[in-house]
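Remarks on the structure that follows.
Note that the chains take the letters A, B, C and D in the order they are written out, and that residue 1 is the start of every chain.
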């Protein structure tokens, strides 16, 4: 089976969801193994958590989310996709991170104002050869995440992805843009 | 495990290889199942075949390639990734396609001048609910593939993907573009 | 003075307006001369007509528009920018084109279903060394315009432009995409 | 006449030249007036200087360039386009900037390691309602320029431009990407 569950298969509320193409690329950059321990920080609807849990069948995904609506959606998507290796953590990063098991892989979908603190705790807890993948929609996150992990001597790659998707317009097919997303991947040497 | 083997893990010759991000997205759009029968038309280095074979563990991938150098590279990559469900077909599409088992999934990485004939045979052999994914780097392929499968009443989605990748430039990080690729996905209803 | 009047300076109704960056690039590809005779087919709000009229001070711009609201907006923008070398033509292309003076330059912002007929009349009336610039937001227009003028032995260049624009998001700066636009430039040899 | 001189019209050496589309957009964002005093910092081949000088006919362009080859190319392009309102300044920014007349408009094509100092001097000398336009190909410049001028209370807009250009490939037309460029425009209130 391939990763890349279409967006519309997930239960979604009013919470922004990572778009299918970005989710697939982010999961790919995580280079998950069957038994990876994964943190999904700012899990939102749980779409990345679900895909990660399906790929890391013998691993565990910790879905960290502060909003109650998010927690509800994650639970519904866990049920819908029938995965049993997701632990839902209702709380605010970085506060709740210290008590979680050290991760092999960390996905950060959104960081709000505490990016710096979250990165500090992630790098203090990440296992050797661990990988962090960050999605950024701002210049600030792209620059800062790239810069931070380079300074920590991680092996860093940043890609910027511009996807446009077809939409029927009468007999013709127009292309509609998604906003550009930066995917920063940092591997601990 | 996640799809998305980095480019440098493959044995590559002078044959152009689908870039990692495009390969991941294309594999994802194929929505492979464990037992899918897959045609990889214009297999090149075999990178898509290998990823498809790893995802469809109980299925079979037919890697169709006309160039001898391609055949050699595919064989080396099969050995390197230790997959045993790829059948290498040395020949020219569409000629060799008629004798292959009907596919559930078809990936077309390049079509040369015979796009029209290849599409005709693919649509005549594709199983119900089957999916065809095409990569196009020309306006002609993007338009024509989109148009062809719409007319055949397939459910068609076309995305255009612009990826740029970071490269160190002194203390700074510049972004280097890959060429845009159109990924056309067509599902038979 | 430079071309590139910001979008918000124009009187706009509910009619879609070419975005500033696309307008600037399109005007540039037109390589206007001071005394050019210009057709602006599907003039919309008249934003391209106004910029063209300012650049071709001793020339004439024929703004062809079928919608009454468009005609009203063009007239208001002519007044606002105080240009006196725009002739407003209320009618449908290609019907009204035959009676206009032969153009040196033609801009086609939108073509609807009559693209083929419009191109035929434009090529029959365009002066030697004349230039046609087309904006396309569909795969169909991009492919077809490119293909049409190549077959007529014009010197054709097509660019695809993806622009994203900053928007403040709290303390951070996010990037918001405009849809991709194809700008096809065809020069008669 | 319109701005947007094609790349191949300029005398070019081995010095990287701003691509036509980026040059046109940058000139447009400068919102030049007929009598503007303009600094072109890191003038390279002088392509931006020439276009600015043609647009600001009664103004003056100071082309600052440290490399001897650049100075030679600028001089050749001044001659080729027959402009008489460019002052060539052979020196390193920010050192040479203090002695120049206060500018209405500043274009910064490249900043090297001294970005911070250059911005400081530019903001100390820029006239009221002046405009600074910066081209950045790195995440660092995009982030930093955006951030710097926001903090100085300028009205800042950043766009990211991805252009791909057609190239003939047999009977088909492929699209070839230019690297993404950030164009930061900052207006002093």
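We adopt the following convention: contacts are C-beta pairs under 8 Å (C-beta built on N, C-alpha and C of every residue); 3 or more make two chains touch, one makes a residue touch a chain.
Listed by chain with UniProt protein names: A, B, C, D = Precorrin-6Y C5,15-methyltransferase subunit CbiT.
Since the model is a prediction, treat every value here as computed from it, not as a measurement.
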Legend entry - Any chain in contact with subunit C as well as subunit D: A, B
Inset, instruction - Sort out for me whether A-D or A-B is joined by the greater number of C-beta contact pairs. - result: A-B
Inset, instruction - Taking CA centroids for every chain, report which one is farthest away from subunit C. - result: A
Legend entry - Whole-Å gap between the CA centroids of subunit A and subunit D: 38
Inset, instruction - Please report how many Å separate the Cα centroid of subunit A from that of subunit B, as a whole number. - result: 26
Inset, instruction - Any chance you could list the residues of subunit C touching two or more other chains? - result: 139-140, 146-147, 158, 160, 162, 164, 166, 173, 175, 180
Legend entry - Residue ranges of subunit C touching subunit A (in the complex, touch as defined): 113, 137-141, 162, 164, 166, 169-180
Inset, instruction - Could you please specify the touching residues of subunit A with respect to subunit B in the complex? - result: 1-4, 20-21, 24-25, 27-34, 55-56, 146-147, 150, 156-166, 173, 175
Inset, instruction - Could you please specify the touching residues of subunit D with respect to subunit A in the complex? - result: 139-140, 142-144, 146-147, 158, 160, 162, 180
